[in-house]
Amino acid sequence: MIPLTNRSKTVSNKKMTFAERLYLPGIVSGMFITLKHFFRKKTTIKYPEKKREFAEIYRGRHVLKRDDEGRERCTACGLCALACPAEAITMVAEERKPGEEHLYREEKYAKIYEIDMLRCIFCGLCEEACPKEAIFLTKETVISGFHRDVFIYGKDRLVESADPDKRIDITKRLTPEVIEFKKDKKQRHNRK
Amino acid sequence: MLTKYLFYFFSILAIFASVMVLMSKKPIHSVLYLTLAFLAIAGHFILLNAQFIAIVNVIVYAGAIMVLFLFTVMLLNLNIAIEHQKSNLIKITAVIAAGLLFVTITGATKKLDIVYNHNQVVTQIGMVKNLGKILFSDFRLPFEVSGILFLSAMVGTVMLGKKTGD
Amino acid sequence: MLIFKLILIVSILLLSLLIAMYSTLFERKIAGFFQDRFGPDRAGPGGIFQPLADGLKLFFKEEFMPAKADKFLYILGPSLTMLVALLTSAIIPWGPGITFKGTHYYFQVADINIGVLYSFAVVSVGVYGIMIGGWASNNKFSLLGAIRASSQMISYELTMGLSIIAIVMMTGSLSLKDIVTAQHGFNWNIWYQPLGFLIFLTCAYAECNRSPFDLPECETELIGGYHTEYSSMKLGFYLFAEYINMFISSAMISTLYFGGYNFPFMDSPALSVNAVGIIGTFVLFLKIGFFGFLYMWIRWTLPRFRYDQLMNLGWKKLIPVAVINMILTGLGIMIFK
């Protein structure tokens, strides 16, 4: 058998030597191993004062982006729901009425858009599937709760604020590779 | 003065504990009262300036033998006091035997010529140094023989353990 | 003199309690450090008030008593354990003492001529607290813990006695004061009795029910062992007594094998009697601190023994070795003295 790592040791049931049966050398060497850990740098992060750094492209809770004029980008095409392996996304589409152009970018928009955060596995496939650059995963985490219905996020919590100062920055997720990928017309959802 | 009161305290404690050994319903309580009696007797030894014997009494009797007793009683689970029905014949025999013992002890104590002189009783014989000297001079043979007996018992125990163990 | 003794008794009592209290914090801190963590550091600066918080918590916990427990014995168990844990400190010489207004005050509560035996007697009575508590709880895990404790302590007491006999043979006295005085300067017993020291150390760990011999309270097998059914301050007493035992046994190890309050160059003329007295006490506490740390170090290094391994070690290995050590010591004394 080929060992996967070079750390594996073959077990043998050979008779122990006298020094080994005394156990004292073993105990002492074990104690020095623990002592080494005693002086080692501690891995604990003192939480409330110090928070663990998230990766630049951390996949946390979602956001539904608005465009530069503050209009919702989502057109309720349902591709995200289709792509979702956990079937966490549901939506109801509605046609844009005249006079609502400042609210919705496309002629069709999502009246209801819900993500069940308990089902979501934060894989990011919805983000990849979206042809309108509307849904993104952010660095924020899903806050815990006591009831299951708390975790069903509607549009009230998903759509980012229209206030330009409160926009959520997702440029880190919009890497050139992603943009390039979005232009790839071979992918089905990028075709018009 | 204090010694006198301590003597009465330990005596009452010892008698109370001994009576309670017989009176207790639960075997565990009996064992614990017996331990208390041993401790009270150790107190008496200290009053007699026999510290070594007192401490050995505590170590051997209270510390080792009574713990083994307690151990056995716990293992046998004698919690439920099962009152064995005793026949009248046994009861009568017990009364006669106890009465005879009482008469013997009373007779013996009456015969005994107790000269209680406090200064004479309190000696230095119980101190470790003096006791050791006596054991290794006057009582050398019995001491060594009993020592060998204990050693052989200990070696025997270890040997028995070795045989069944491995 | 009587007032001095009273002050000494009270201060030693308070000191043992304080040290036991802070041992719990150090135990947790050290455990953390050995496992690459920090340990408790929230209560006060660096977690300095953690023992107070723990004590307060124990006081406010519900006093629970099993329905069919033997009420008197159930309370007697932890009380006895605590009492016995505090008793041994009376015979330990805490320092060479100081001279104040012409009188020399030696830091020892009672110099009894059977000192070592007294400590044995106290230890051997100590097992009752655990046994009574374990039995009175009316719980099979408690009972198993109590039985384990008693058999373990009886087995290791014997070996402990045999290892100390070698020291007593060398000193020719049972008094701890004499034993310490005989180790003046750097003439410590450890240089003559390394084997005896190892045996004594092992037995001390077993007697204190400390890891790797903590079978009576082995969590993986017996939930909590003898204190499974205990809560509130009664549980606190059991846990506290363990730490006091650790402190006292560290003091005993230092006294018997590491010269107690003796330190090298204590005879140098630069030091006055009082300076030696104060430094000596300080040195003793340093040694105690080291052995306390060793207790925790070993606890967080070695895994727990299996019960038959414990008994094998005690009866088949340590006792013969202790007897051999005793004979060797006797031969040594015969040849060199």
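Observations on the structure shown:
Order of writing sets the chain letters: A, B and C. Residues in each chain are counted from 1.
What we mean here is this: a residue touches a chain if its C-beta (ideal position, glycine included) is under 8 Å from a C-beta of that chain, and two chains touch if they have at least 3 such contacts.
Please read all numbers here as calculations on a predicted model, not as lab measurements.
Seen from the Cα centre of chain C, the chain whose own Cα centre is farthest off is A. For the pairs B-C and A-C, the larger set of C-beta contacts lies at B-C.
As a whole-number value, the distance joining the C-alpha centres of chain A and chain B reads 76 Å. Centre to centre, using the average C-alpha position, chain B and chain C are separated by 28 Å.
Separation between the centroids of chain A and chain C, computed from CA atoms only, is 53 Å. Looking at the complex, you find that chain C touches chain B at residues 70, 73, 112-114, 117-118, 120-121, 123-125, 127-128, 131-132, 135, 143, 146-147, 150-151, 153-154, 157, 174, 308, 311-312, 315-316, 319-320. Across the complex, chain C is touched by residues 24, 27, 30-31, 33-35, 37-38, 40-44, 46 of chain A. Chain contact summary for the complex, chain B toward chain C: residues 26, 28, 32, 35, 39, 51-52, 55-56, 58-59, 62-64, 67-68, 70-71, 74-75, 127-129, 154, 157-158, 161-162, 165.
On chain C, the positions that touch chain A within their shared complex are 30, 32-38, 41, 198, 297-298, 300-302.
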